[in-house]
Each structure stands twice: as structure tokens, then as C-alpha cells.
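Both complexes shown next keep subunit A, but they swap its partner, so subunit B is in the first and subunit C is in the second.
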Partner chain A sequence: MTAAVEFLNVSRHFGSIRAVDRLDLMIAEGTFFAMLGPSGSGKTTCLRLISGFEQPTGGVIRIFGQDCSAVPPNRRNVNTVFQDYALFPHMNVRDNVAYGLMVRGVDKRTRLARADELLGLVKLDDYGKRKPGELSGGQRQRVALARALINEPRVLLLDEPLGALDLKLREAMQDELKALQQRLGITFVFVTHDQSEALSMADQVAVFSDGKIAQIGTPAEIYDKPRTRFVADFVGSSNVLSSDMAAHFGGPARPASLRPESVRIVDDGARVHGHVTTLRYLGSGTRVVVTVPGGEISVFLGKEALLPEKGSAVGLTWDSQAMHVMEQD
Partner chain B sequence: MTLAADLTPREAKPNGAVLPSRGLGDRVSAVFWRHPNVLLVTLLALPLLWLVVVYLGSLAALLLQSFYSIDEFSGMIRREFTLSTYAELLRPANMDIIIRTVSMSAAVTLGAVIIAFPIAYFAARYARGHWKALFYLGVMLPLWSSYLVKVYAWKLILAREGIITWVTDGIGASAVLNGILALPVIGGSSLSTSYIGTWLVFLYVWLPYMILPMQASLERVPQSMLEASADLGASRWQTLRTVIFPLALPGIIAGSIFTFSLTMGDYIIPQIVGSSRRFIGQAVYQLQGTAGNIPLAAAFAVVPIVIMLIYLTIARRKGAFDAL
Partner chain C sequence: MRSDNRPPLFLTISAIGGLLFLHLPILLIFLYAFTTDERTYQFPPPGLTTQWFAVAWHRADIWPALYLSLRVAALSTIMALILGTLCAAAMARTRFFGRDQISLLIILPIALPGIITGMSLRSAFSIMDIPFSTWTILMGHATFCIVIVFNNAVARFRRLSGSIVEASLDLGANSFQTFRYVLLPNLGSALLAGGMLAFALSFDEVIVTTFTAGQQSTLPIWMLNELVRPRQRPVTNVVAIVVFLTTFVPILIAYYLTRGGSETAGGGK
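Right, the complex of A and B next:
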């Protein structure tokens, strides 16, 4: 498998701020790759380094093996779906979509026919004549997608493309994006701060923290085997047990993560006892926070489970393999 | 203890859900809140009165005068509807004045667009903080001094004994200057007595009116739109032509309304700097003053209005305001 995008020791510093710091990264061709992290973690800068809107202060960026250091954005075979969609307000939807072909000198009939095809692909067949201002957020998002795909890029970059949509639409678009990526076979690089979005859509997830990648792996690896406290915490609010607690529960004296859904409330055979401090209803279940000696442990209880009362004493247990020892703190 | 109790002294703490009125201001503002139209009428009554009576009223009076005519024998105004005054505009001497003025206005506008664009673009896209303040200061500063002072200063700069002649002589480029002055129509015996000189002074005095609206419209073009254009493969020139220019067009049109109409109405600059041939403003000035031909003066004054209306209609047809 070839590398669609390769970062070799890449840095992007803004003065004393290290937005991206000595980063190595390999994105395989045809993958749906998510860059996940809180704001300011360097994920968007990374995306802009691929598109060419930022230039690295150090290191080498290769796109399909070619060094892109001296290649301006308009000559990279990479397209972007912008966070604010950046549709041209003075052009109608068809002209917006056809723009990439227009600047390449493709004649009007061919490019508009192609634009119509792409509008069909994103299910906006009858919207060609409208102006972007007359569309809803979700429709604009589709137009931006069609516009970015018209040049048949080898890598499609998506900068928080679903951030401005409401929950229902976001979920529908997640499925559509995923299906589209599988159909087209293009490498998608997707920036998001929403961990559930990254986990549900991506083949590979890179978790960013302070300009570096904290962990890279499949969604299951990231979720079940977080390498650092940061990853455990950011991806799915895991319980992070201190090294003392981990040792007390029979593990090595190293910090460990424990998913709330792996913890059970039991009457007999509890590993630890504590008091319920908070009950938080989440719709799909309830998150129960239990204060135990040395810290807190969150427990996720499904709908069918019997809820303990606030302040009551409970016993907790979990399977030994549910406790994942982390490599770093 | 609640937060509110911490922040408010006990005696000032209201008991009910409704806070007591603090006087007339609160009561008036309550009326405005209940009836937003009352607020609108209160705010607009005086300016609207001014606009309708003084402004549009005098414009209507002007229009009316232009349909009267003058009795050439007695010099009295005949208050009867006629188009003969407008027919007078078509006389070759008067048409010359109109064509001269419109050409100058167009040249000034074009020059202003070309010079203002890079300045406005820099201010809108790159200038931040102190640089932005410096930009506004630089653009506005010339407006702080008297218009007459500036025009006379330009007369000295452009005069045969002025600094431009001195510099071109000094660097041995007087042949270039003489070559420019030898050009037909726009040339003359010196810059200060040629159309080039008039054009330069117009350009100088009206430039801020082009830069400011242009900068405002360029500022509203988001960075991501320029990036999207480049991302899709457009060169810088293509982005300028297909994205920046159309989006800045409403501002450019706004600026050109200023430069165009201000040039068309001015009667002082062509009198001080330039050849002695007359512009519309000068013609109006002389006709209503010494000649006492108010109807013809009014007809002349209607010309710029009509031209501006034609100009805006064309701009609208061409989609100049689509980005608004």
C-alpha cells in the first residue's frame, strides 16, 4: 500500500507557538483518516499543511511520494471541504461546483454537465440554479463536497465539515460521507474534535495533543487501549486509575484506563467499595460516579440496570482484562 | 447563600419578579419596547422631513426650472413647459462641455480604481493593529485640510516652475515630460494648464472616497473563499478576476459613484488647474450667476443625475450588486 500523505519530522511554528511539532505521519491510500483533538492541538494546521495553505517551518511533506514543499495549493491534486464551506456567494450552485473545471479551462458545456453529475452524487439534482444563500446548512455542505470532488482529487481534506450541522443531520451525513468514501476509494482526511464522529467514521484515527500525535491507530485500538492519560480522557471520558490504584487492583504499578461500561455494580465479590456522588442521565443510560478510596470511578449503567441512590454505598467490580495499562502517563 | 445575595446589598434587593421603574427613561423605553414603530418614527421624523422637504424638494424645483425657458430678447424666464432648454444642451458647444466632463469623470474613476485597489487590498487583508490605524490616518489626513489649499498647492506642484519640472530637469527626463505635454488634447503648455493636470488633481482629491468603500467590501471577503479558489486550482490572477473582483464590485461601484459624481459636479478644480475649457460645474456656475439663465443651468445640472442613473442601471443589469 502506498502512502497518500507522508509527514517526515514536520514542524509548523508560529513564533514561539508550536502548532505542529516534529511530527511523523503516514496516511495510507484509500483510508478514511481522522485527525482528532481539542482546539489548538494542531490538527487543523496539519490539514492546512497538506492543502498548502500553511508551509512547514521544518521537515518534509510528501503527497503520493512527491515532495510538496515548493508546490502552491493550486497545483496540488488535493481538495478541501472548508469548515464554513466557503461557497462563492455570487455564483449559483452549478457554477460553484464547476469552478474547479472552469479555472482549468474546461469548456462550459462539459463542465456544467459534470457539475450536474456531481450534484446528483450528493443528491442535489434540482438545486443547480440556486444561489448558496438560498440553501440550508446541510445543502451547502453537500455543494461544498461536490465542488471539492469535481477535480477528482487524490486526497480529499475535510475541515470539521459537520460541525455546523444539527445532530440529526450530522449523523445522516456521517453515513453518507462514509459510503461516498468507500464508493470513490479516495483517501479522506477528516479533522474533528468530536470523538464519536472520529470513531464511527474513520479507519484510522490520530489523536492530537499540543502539536504532536498522542496516539495513532484503529478506532478500536484508540478506544480500548489508550496509550496515554490524555487519549483515555479525551476519547470517551475513561476512568484513569493512578499507578497506586492500579497496583492495588492487581495490575502493575502504572496508570491504567478503565472504561465506564466495563464496570459493574455488585453486591458480592466487589473489588472496591465506595459512595455514589453523582447520577447523570445520558438518554441511552446513566453515568454513575462513585467515590472510592484514592479517587473516583465512573460506571455506565444501561437502561435495564437498577440505579443506586445518591449517597448509597456500592461495590464495584470489572474483568481483569478491562483494565488497560497505559504506556505513558 | 446565593450569588445574587453576595453581589447585591440586601436593601437594594427587589422582592418581586418585576423590577421597579427607575424614572422617565425606563417608562419611555418600555413604550418603545412595546411599540417598535414608535421608536422608528421618533428617530426618522426629523431626518425624513429634511430629506423630503429640503433635499428632494429643491431637487424637484431644479427639475421644474429645467422645463422653463428664457426669453432671449428680454432675459426673462418664461414659466411654461417646454423642452427647448434641453434642446439647447444639444448645441455643439454645450455637448462639448458634457462630453468633456463625462470623459474626465470616467478617467478619474478609472484611475482611482487602479490606484485604490492595491491600497484597499493591503488594508483589508494584511494591515492589522497599528498598520490599520496608519492606513486610516493616511487616507483621511488629506481630507483634514482645506480643499482650496490642496488645489492651489497642486497648481504650484504642476506649474512650469514647479517641483515636477525641477525634478525631471534634474534627472534629465525633461524630454519625457515635454513628450507627455506634446500629446494632443490631453497635453498643454505645462501640467497645470493641461487636462493631465486637472485629472491628477481630481484623482488626488477624490481618491479617499474610492479607497474606503473598496476596503470595506474587500474586508468582507472571507479568507477561506480565496483559499477555496486556490484549492480548486485557480491561479492568483484567476482568483482576483473570478472571486475577489466580483465580491468587491459593490464597493467599487460605491466608490465610483463618489468619484464620478464629485468630478461631474466640481467647478473649482478645472478653473484653477487645467485648460480654460469649461466643465459642467463651471457652466452651471456661470449660467445661474452672470448669465442669469436659470433654466439652462438647471438642465445642465440634470445631466449628471441622468448619467448616474444610466450608470447604476447598467451596473445593476451587469450583476454588479449580485454579491450584496
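Right, the complex of A and C next:
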């Protein structure tokens, strides 16, 4: 497996702020890689280090094995879909898409034909003559995608590309992006703060926290076996049990995570009893917060489940393997 | 955006009155260019003639003044376009210590009374032993022309998404291509508008010019001197028409170029 992008002990400091702090990272060729984290966690800086708009203050970045510290952005075989799309407002859609070939001196007929091909790929066949200002958010996003693909990059960087779209469109675009990546077979590096987006699209997810990677793995690994409290919290509001509670429930005396959907409300054979403090309707189900000795446990109940009343006493249980002991606090 | 509510009659009348008060005197200037009376401006004019245009054409003292004014206006516009755009680019694209203060310093000359600018430049020139020349006038004019271009360019830069420059580089363009294909087309109309306004301002500037011109006379200064001497008075009005057209047409074009955008076009002076 070839490494498309490699970070070796890479740092990027802005004054006293360590945006990226001694980071090691390997992105395999052909993967859909998500960088997930809250704002300010260093994920966007990482993306800009790959595109070349930021220079590392320490360490080495390799793109397909080649140290690229001396290669300016316009010579890297890497293209970016910008967060605000950054379409050229004075050019029509076709010229926007063809821009990468135009600056390389490709003749007009060839480059426009290729632009039309790519517009077909993103299902915007009849929009070539329009200006970016006349398009909807979703359409602009596709134009930005087509424009970034025209130079046939080996790595495509996407900076929160779905952030500005409404929910329905975002879900549709997630499926399309995933399909597109599989069809083209190139490496996608995708920055997002939306955990559901990262989990549903990516092959590999890196969870960023304070300029470091808190955990890296497949979506299932990240979701089911969070290594730290931060990951457990950030990826889908998990219950984090203190070491005392974990020991009380029969595990080792170390903090553990427990997914709300793994917890059941039962009458008999409960591991713990408590009182319902909050009920929050989420559409697809209801989140019930139960105060138990030593803390709180959230329970996710599906549509068909019978809801307990607020303030009522309930018993909770879960399968032993649902409780995941974390490596660090 | 048409409102069906009609404004009160009183407001309509005062608005029309105000506009007439502002613009009728300009029409009078035009009218007196055609009067047959050479010494006084009596109303109504005793007769109408076009002879003053011919007289003005043959007056030897007008041409050097006109030429000097055009030269100063053109040069200070070019200077303002280059320096103003560079300043705006620096202000819009980077953050550095004292950025806001420097931005204020650039805009200051337009807020400063021309008489202060003129006096300070004059004393600076005399301290440094710089003899008065076209260049001293030019420097005076550049102080406010740069502001005009700067204001227009900075507003346009702000409206542009910062990442379009990065997008261009990302797609493989070099800096020159990025400037030529991405920045220039987007800044173009703002620069043209700024340049036209700067030209118009420079062309009819009097105050700063009196302090920095020495013995030279630009067209506005020539007019000022002419008003004192009661000889062929309507010639001054003919020249006024020329000045009016040379400044009004660029301002009109600038207005149409920046219309619909949120950018500030002129800004005082």
C-alpha cells in the first residue's frame, strides 16, 4: 500500500499557538480520509500543509514519497475544494472548470471539451454558460468539485465542502462524493467537524484535538472503541463512565465509554437504578438522561419504545461487551 | 422598489428648491459664456454670441495652463493607481502590527483641510530646497488621489473572496497568471472608477495647488486670476465649461461603473 500523504513529526506554530503539534500521519493511496475535529483543532491547517498554503515549522511532509517542502502550491499534484468554493465570479462555469488547463496552456477546444466532460460527471451538463452568482449553493459546490478535478490530481483536498448546504442536500452530496471517490479511485482528504459526515463517508477517520491526532481508525473503530474521553464525547455524545463507576459495574478501574443506544431500560435484572431527569425528543428517537449514583447515564430509546416519565425510577442494563474501557483518560 | 405613498407636498417643494439652488448657478455660468457683455455679469445678458469660444481658442495663456493641468491630472492618476492599489492589496490581504493606524494615515489627507496639506508640503519643499515644478504639484495631488483609488480598491478587495487567489494558485497558475486572469478582471472596474475620480479631483484642485505650484498656473488657478481682471470675462466661463466637462464626464462614468456595488466611490474632497 502506497502512502499518498505522509506527515513525519510535522508541526505548524503560529506564534505561541501550536496549530499542528508534532504530528505523524499516513494516508494510504485511494482512501477516503476524514479529518474530524472541533474548530481550532488543527485539521484545516493540516489540509493547508498538504496543499502548500502553509509551511511546516518542523518536520517533513511527503506526497507520494516525495518531500514537498520546496514545492509551491501551483506545482503540487494536489487540488482543493475550498470551503467557500472560491469560484471566479467573473468567469462562467465552463471557464471556471477549464481554468486549470487554461493556465497550463492547453488549447481552448480541448480544455472546454474536457470541462464539459467534468460538468457531466457532476451532473451540471447544461450550466456551462452561467455565472457562479446564478447558481445555488449545491450547484456551486459541484462546479468547485469539477474545477478541482480537471487537473487530474492524485490527492483531492476538501475543506468542509458540505458545510454551507442544507441537511437534505448535504446527505445527497455525501452519497455522491463517496460514489465519485470510488469511481475515480483517487485519494480524498476531507476536513469536517460533523462526526456523522465523517463516519458515513470515510474509510479512515483521524480525530483531531489541540493540534494532535487523538485517534485514527475506521469509522467503526472510532465509534465503538474510542481511545480517549475526548473521542468518546466528540464522536456521538457517548456516556463516559468514571473509573469508580466502571469498577462498580464489573470492569477494570479505568474510565469506560458506553453508547446510549446500548443501554436498555428494564424492570428486572438491572445493573443500576436511577431517576429520569431529562427527556429530549430527537426525531428518530428520544434521549433519556438518568441520574445514577456517581453520575449520569444517557439512554437512547427508539420510536417504538415506551417512554418513562420524568422523575420516575428506572433500572438500566447493558451487555458487558458494550462497555468499552478507554486507554487514556 | 417604488413606494405608492406620495411624499408630502412641502417636502417635494423643498427638495426641488434645494436642487435648483445647487444647480441653477451652474447653468448661469454656461449662460454667461454666451453673453455679449464683456465686463459685468448683468442679468439678463444684453445679447447672445458664440464669439468667446473663438477668443478663448486664440488666447495664448490658456493652452499652457490646460496642458499643465492635464499633465498633472494624468500623472497623479497613474501614480495613485499604482500606489493606491498596492496599499489596498497589503491592507486587505495581510494583517500586521499597526495595520489600522496605517490605513488611517493613508486616508487622512482627504480628511485634512487642503490648506493644511498645502502649507505643510510648501514648508517641506522649502526646507529641502526643492524648487517648484510639475513634480511638486504632482506630489500635492497624489496625497488625495491615492486615497480615492485606495478606497475603491480596498472595498473591492473586501468583497472578493480571499480564497480565489489561492484557488488560482492551487489550480496551477503562477502569480502573474493569477493577477492577470483573476485579480485584474475583478478589480478592473473599481480601479477605473477610482482613476477617473482621481483625475477629476486633480484637474480642478486649487488649494493644494496654490501652495505647491510656485509661478506655474494650472487651469483652475488661471481662472482664479482671471476673475480679478475685468477683461474678456466670458472667456473664463468658456474655460469653466471645459473644466466642467473634463471633470463631470469621468465622475459620471465612475458612478456607473461602481453602481450596484457596495463600494465607496468618492468620499469627500
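Keep this in mind: the second predicted complex is superposed on the first by the 329 of 329 C-alpha atoms of A that agree within 3 Å, B and C clash if a C-alpha of one lies under 4 Å from a C-alpha of the other, contacts with A are read in each partner's own complex, and residues count from 1 in each chain.
One rule holds in what follows: contacts are C-beta pairs under 8 Å (C-beta built on N, C-alpha and C of every residue); 3 or more make two chains touch, one makes a residue touch a chain.
None of these values were measured; they are calculated from a predicted model.
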> Superposed on subunit A, are subunit B and subunit C clashing or fitting side by side?
Replying inline: clash
>> A:249 in the overlay: touching subunit B, subunit C, both, or neither? Say first, second, both or neither.
In response: neither
> After superposition on the shared chain, which partner residues are touched by A:64: those of subunit B (first), subunit C (second), both, or neither?
Replying inline: neither
>> If we overlay the two complexes on their shared chain A, which of subunit B and subunit C does A:151 touch? Say first, second, both or neither.
In response: both
>> When the complexes are fitted on the C-alpha atoms of A, one of 3-11, 21-29, 183-191 or 237-245 in subunit B overlaps subunit C. Which is it?
In response: 237-245
> For subunit A, which residues belong to both interfaces, subunit B and subunit C?
Replying inline: 51, 53, 72-75, 78-80, 82-84, 86-90, 99-100, 102-104, 147-148, 150-151
>> If we count contacts the way the header does, which residues on subunit A are in touch with subunit C in the complex?
In response: 51, 53, 72-75, 78-80, 82-84, 86-90, 99-100, 102-104, 147-148, 150-151
> In their shared complex, at which residues does subunit C touch subunit A?
Replying inline: 160-161, 163-164, 166-174, 177, 181-182, 185-186
> If you look only at subunit B, which of its residues touch subunit A in the complex?
Replying inline: 222, 224-225, 227-235, 238, 242-243, 246-247, 319, 322-323
>> Going by the contact rule set out above, which residues of subunit A touch subunit B in the complex?
In response: 51-53, 72-75, 78-80, 82-84, 86-90, 99-100, 102-104, 147-148, 150-151
